[in-house]
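Right, I'll just put the structure down here and ask away after.
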Amino acid sequence: MHVLLDSLAMIALCYVMGFLFQGFYRQFNARLQRRWGPSIWQNLYDNMKFLLKSETLIHGPMFFFGPMIIAAGAITTLLFVPFLKDSDWLQGVSTHGNLILIIYLLVVGPLGNALAVGSSGNPFGVMGVTRGLTRLMGLEVPFFLGLALVMLQHETTSVHAIMAAQDGIAHWNLITNPIAFAVILLPFIASQNASPFDVVGAPVEVYAGPRVEFGGRLLGVLMTQNMMMTIAKLVLVVDLFLGGASNVLELIAKAFALFLLTTAISAAFPRLKTEQTVDFFWKVPLGLAVLGVVLNVWLI
Amino acid sequence: MEFSASPVWFIALPLLAAFSAPLWTRWHLLDHLLFGVPLVLLILALGLFPTVHEAPLLETIVIAPPLGIHLHLDSASLLLVTLFCFAVTLVAAFLWLGATDSHLRGRRPFVLILLLLVGGNGLVLTGDLFNLYVFLEIAGVSAYVLSALRDDRPALEAGLKYLIIGSVAALFFLLAVVLVYLQTGQLNLAAVAREFAAIPPAMQGLIALLMLIGLGIKSELFPFNFWVPDVYRGSDPAVTALFSGLLVKAFLFVLVHLAVLIWADPAVARVWLMTLGALTLIVAELAALRQDDMRRMLAYSSLGQIGLIMLALGFFSETTTAGAFFHMINHTLVKLLLFLVAALLLRRCLSLRLEDLAGAARVSPLAAGLFVVGALGVLGLPPFGGFMSKLWMLQGFAEAQRIWPIALILFAALIEAGYYFRWIRVLYAPVAPAASADTKTTPEPWAAYAPLLLIAGLMLLLGVAPFLLETSVVEAAHALLDRDLTLQSVLGVAQ
Amino acid sequence: MYHKSDCEGFQCEQRMLEANLGQDDAGLGVVERLIGWLRQRSLFVLAYGTGCGAIEMRPLMTSRFDAERFGIIGAATPRQADVLVISGYLAVKTLKRVIRSYEQMQEPKYVIALGSCTINGGMYWDSYNTIKCLDHYIPVDMYINGCMPRPEALIEGFTALQERIRRGEPGGYQRYRDNIDWYKANQRRVFGDNMPPAYTYDWYSEGAT
Amino acid sequence: MNLILKLLFLAVSLTPALTLLTWGDGTLAWPLFGGFELLFELGPLSAFFLLLLALGTPLVALPMARGTPDRAAYGLFALLLLGMQMLLLAGDFLGLFIGWEVMTWSSYLLLIRSTRTTLEGAQTYILFNLASAFLLLAGMLVFYSLTGDFRIAPLTEASAAGRWAVFILLGLAFLIKVGALPLHRWIPLGYDQAPDLFSAVLAGLISKMGLYGLLLLPTLFPDALAGLSGRLLNGPAAGYGLAWIGAITAVVATFKAISQQDIKRLLAYSSIAQLGYVVTAIGVGSSLAVGGAIFQTLVHTLVKLLLFITFAGIVLQTGQRRFNDLGHLIDRMPMAFFAVLIGIIGLAGMPPLPGFAAKYLMFVGLIDARWLLLLAAMMLSSTAAFIYCYRLIYGPFLGHANSPEARTATEAPWSYLVPQVVLMGLLVLLGIFPGFAIEVIVDPVLMTLGLTPIGAPSWGELATPYGGYDGVVLMTVFGGAFVIVTALFWLARGQMRRAGSPYDLSFAGEVPTADTPLHYGAGMGRELRRIPLIGWILAHTTAGVQAGLTRQTLAAAGLLGGLYRRDPQTWTLLAVLVLVVASTLLALNGGWF
């Protein structure tokens, strides 16, 4: 019962934080471009509008199940991420999982959705999926290597343990292992599907990419999981590098700070091509990661 | 039983049978006797194993001392005689039971094959240099004529070439014999062996070289074996099976036997023989890669195996020698099988060229299957006997911590696999076989396959249960290598 | 069935506007009002740049006019779009694509037509290849007059459309669905045998609700 | 008669299972010669591989028994089984080698029964495999010369040079079988050209024998290879090289797989890549990594059997095997779709299927050994694998049907479906209960290898010192979330309808037709060439090296063969010449030199 309530709370928190953060992102972007921008609730409106569409077209059963899989994947992922430390609440089932599992869970949903994209028969969608997978190939290596540095540092894959080890700001992994944070920062932005690594859903190049055939309520589901996933990833990085959070306010503050950082970076750069993205990830963050490995493993 | 125990019979019986050929022709017994005579000898040889196990059998027919016929039946020669009789029996059975061409039936082949047996048996049995030369000529002449038996151009050419090169080889050998006689006044091998060390070293060297070249040509060692493919290509496959299975083995044995007996110190001979063996092995296997005619390919492969056997024999260690003897048996079996399969395929597809045999497995599946068995056997892949004998030799080298022969043998085997599997692949190619194959010829009678199946069965048996032959092979190696024992048994004195 | 005697398309607009002015949100429950309110806050626009009017669509999204503050944002594909903007005159060729795009949009969906060309052909009124009365082929929800209308006018039009959505008025898509035979007959008159495929609309008549 | 033959064949295919169940602790000895014996016994390591065999063979045999019986194939298959069982049961190198060779040639003969084999493919297959076998033979002879015995036993007393020689020879032999780069070329050719069902045996079972051999290495060199050359970071230094071979194999083969146009070739390359992980993990040598390796072996067997059998069914039904020529089979062959779906989830190593458990163990093993660069390489390969996994399911099943056969195909016969269902079930069960696999299958093997067992608190839980996860919880959460989300979606208002035509696509207002190139399967992955690293890898192959080697060998053969085309005069002259030269030398030296 506790787990159920806890899970519901996590999902709700995620959703609310999700649309608020993304609303903020839109407004932040608008202000940078000297516009008024939409209201901070705009993402809620968009999401609700899609969920309330009266017509939805599907291209076969798999097309329908794809968004369901991705949503289930998002929920599963966020339930495996502990939101708070030293608390009974907002833990989900995170004691039964670990960091590597979470990293892989992040991919399960999108791949399930890729099946739906494929079964729609729209070549643009598949093109987008391929680009997404290619980008994943680029970002995952430095991202995972950065996290591996953290796992090595604490000799565990458990997020709880890593979080517990960071008591006090001086023990934050951000401070103790800055290279790891530097390594994962850009791949993290890419995994959030934010600029400059947002070629996957590019409306101009690939006609909205994987979402080309999704409309109506299915698109609503996709948006919902996207918002929740954004938060889950943010919380994960907060857990790993910013020492986690003891209460919800702290969590929101830390996640927001991190979000602000990534937002600022993505607002400043234009979009890269797929191969540029991969090449970039394999040169800069991966080079940095190798440096980190040498420092961590061989020299210290 | 004293009567049957004499090694003379191995020479006398086929000789008698051959000379009374007109009689058998009249009684229509040629086929039966061609099969029966070696079979009787085979049974005799098998029966002699317990006796020879006790002590070697000697038979001396003195003409005028020191001239005479010395026959020396020890474990080694008995093993080879058994093998030869078996080979001739099988070929005879094949000729008898199959749809054999007319030129391979009748008086001429009957006489020649039996003479070949006489020559082979004589070569391994004799204990006298001059007799050795005589038997060498008997075997040689019968082989020349056998290869020219089919009166067409390639056959005649092969026969002629064989005649020329064979005579040259005999000449070399004769020269050596003459020199030995001049130097020592002896022709009995044991006696020669005892006195050889007294000859001036340069003369020793010359004699050795002459013998090496003469016997090297006959036993198909590397720089002297250029004639082999042409002769094998021109002759009938059934005949070639005998060349490869019987004749070469006899000469190899003679070469090593002489080397052991005459040179007390094997170190020098080891260098020469192993070098020649290794060269033969590697050159032949490489050259075989590009052969497009099955007979030529088999000829090269046969050369390669000879090189392998020579490599192992030339090492003069008991294990490798035992392995080499075992390999001789296996190789004889395999080459009989392969050449007889080639004979069958030739009759069926009218050609043995690579492109004409594409898809032949559809026309004669059993023959193709037997070819596969033969190829696996010759490559030394388990579960066939070839593997065990190869392993035996390799293990001998490993025991002595000699790595290079192991590497060489394995490398050569890989190259060998390169062409054998190419042939297998061609036989099983998914194309319709050439048009000539299916219409013009009648299918082979099932009986023709009987000897082949027997060989395949034996190969499998030897591969699964190599211990069956272990004692005889080890004893043969012992008999071949133990010079003192031979001298003692012949001369009655230890040196 | 559509009756010829009744007014056609845009001609009804004024009457409908007036009719609805008096009864604000009449007959709608709380849920419907909420839904209407949410829908009008978020309009995804598929801008079909058929004619010169397309030039006026771009400034709409820029910092100066910033349509995003109304929840109006571009969509890449018709599947995600709520509003189809026809920006200018339509040739026969483009009409076919417009119809196909419109039929691929998911309901509720709206059509905004820009400029006089969409009303009566405008300056192309006597062209052999220009569609003169767009409303005969697809149901137009909102006309924005002018040649060309400025972005301010566009925003005006959008807000008017938002107002109608909020009030839960029946959109043009319902008209299209009810009068599909008439629309198709009109389209066939233009296209002849060269009609867009039937599978994007034929489920209308199968009684799906 | 046919029925009896088929039943006999199926009975033969059950022999590994019978052996596994009935063998017990006994040993069987068969004398050879010179005091050598073939010793057969069943250790836990052999039992594990025998279990794979016992699982795999009946499943492949069932579809093979369909149609008119192919007696030769049945016979060869029986021989193959005999060889593999001998290999696994052998307690000494002799038996291992004999089994290895019987397996090699019988598999070759099975391979050339396909009409698709080319001379090049067949030759490459047999020569690589024989090279592997002869290396094994050389290794065991060196082993024999060091110890005087063929028994498989730790090699502790020999000299360092001797131990390295054995390690390198045996390692090379097994790496060829596993298909490590650059010795892999026979795999794509062989798997591609083999009869479709036999490819399943090749990929699922025969390749495992190489892994069996590699797992023997820690037995020969105790202390998980560290005894050979000391330690590097937290792992054995000798294993470091092995691990890099595995990692590079995995990376390069994955990229090669992505660029393939033929399903079976893709699977072949993916097989190479998957086994590359195992090689890496064996190199790490810790109990976590080796446990992962064993687990991955198990998973790979199941997955490759499943995929190859399924695709064999597709090829049977459509006659097409290229991504271009299939498409949209999801409606026509739903079972095959599910099979491939489960297969690729396992292949990609994603939770909740057991591929993840295996990868998790291997990753943790690498972190534990502090070999993070290897971890990066493995991560690269396993992420890139998503692309080909997606191709595998998109190309045949999604998108648009691209050939008449793909438009009319029907589900494969039941004899293909039964193995699919069984394998899918096994994969899902293993995914839910990773702890079960650890406890029952992996731990006994680890103990034989002298490593500490991993252990599992419960069947559902995978636990390591680094943390773990619970398969049951994972499956429950994911399944529950999926059901709830779907239910909520259905409960909410609004109608849903299915597109009236596959061509109802948003395609920039255009109306695509059957002629429009809508199926993206063929071109997928082509753009990857623009990424410098991948472009470089894809532009290079070992085919040229192999062709060059063949050419040089044949040239040498021609040269030597030319010697043999002369007249008798030349031969005689040569003999005389040798005599003269040699005797002159002799005379000069005054005797033997």
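Lettered A, B, C and D in written order, each chain numbered from 1.
In this section, a residue touches a chain if its C-beta (ideal position, glycine included) is under 8 Å from a C-beta of that chain, and two chains touch if they have at least 3 such contacts.
By chain, UniProt protein names: A = NADH-quinone oxidoreductase subunit H; B, D = Sodium:proton antiporter; C = NADH-quinone oxidoreductase subunit B.
Predicted, not measured: the structure shown is a model, and the values here were computed from it.
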item: Relative to chain A, chain with the most remote C-alpha centre; value: B
item: Chain nearest the overall C-alpha centroid of the shown protein atoms; value: D
item: Chain pair with the greatest number of C-beta contact pairs; value: A-D
item: CA centroid of chain B to CA centroid of chain C, Å; value: 98
item: Centre-to-centre distance between chain C and chain A (centres being mean Cα positions), rounded to whole Å; value: 37
item: Chain centre separation (chain C, chain D; CA means) in Å; value: 59
item: Between chain B and chain A, distance of the C-alpha-averaged centres to the nearest whole Å; value: 78
item: Of all residues in chain C, the ones touching two or more other chains; value: 77-79, 104
item: Interface hub residues of chain B, defined as touching at least two other chains; value: none
item: Where chain A touches two or more other chains, by residue; value: 52-57, 207, 212-213, 216
item: Pairs of chains found to touch, sorted by chain label; value: A-C, A-D, B-D, C-D
item: Residues of chain D defined as touching chain C within the complex; value: 495, 497, 499-501, 503-504, 506, 508-511
item: Of chain B, residues touching chain D in the complex; value: 160-161, 164-165, 168-169, 172, 201-202, 204-206, 209-210, 213, 217, 223-224, 226-230, 268, 283, 286-291, 319, 372, 376, 381-383, 387-388, 391-392, 394-395, 397-399, 401, 403, 406-407, 410-411, 413-415, 417-418, 421-422, 424-426, 428, 430, 466-467, 470
item: For the chain D and chain A complex, residues of the former touching the latter; value: 233, 328, 330-331, 341, 348-351, 356, 359-360, 363-364, 367, 370, 372-373, 375-376, 379-380, 383-384, 386-387, 389-390, 393-394, 397-400, 461, 464, 466-470, 473-474, 477-479, 481-482, 485-486, 489, 492-499, 502-508, 517-520, 524-525, 527-528, 530-533
item: Chain D residues touching chain B - in the complex, by the definition given at the top; value: 31-34, 94, 97-98, 101-102, 104-105, 108-109, 112-115, 117, 119, 122-123, 126-127, 130-131, 134, 137-138, 141-142, 144-145, 148, 553-554, 556-558, 560-561, 563-564, 566-568, 570-572, 574-575, 578-579, 582-583, 586-587, 590-592
item: Residue numbers on chain A that touch chain D, as the complex places them; value: 51-60, 62, 64-65, 68-69, 71-73, 75-76, 79-80, 93, 96-101, 104-105, 107-108, 111, 114-115, 118-124, 126-127, 129-130, 133-134, 136-137, 140-141, 144-145, 148-149, 151-152, 155-158, 161, 207, 212-213, 216-217, 221, 274-275, 278-279, 282, 286, 289-290, 293, 296-297
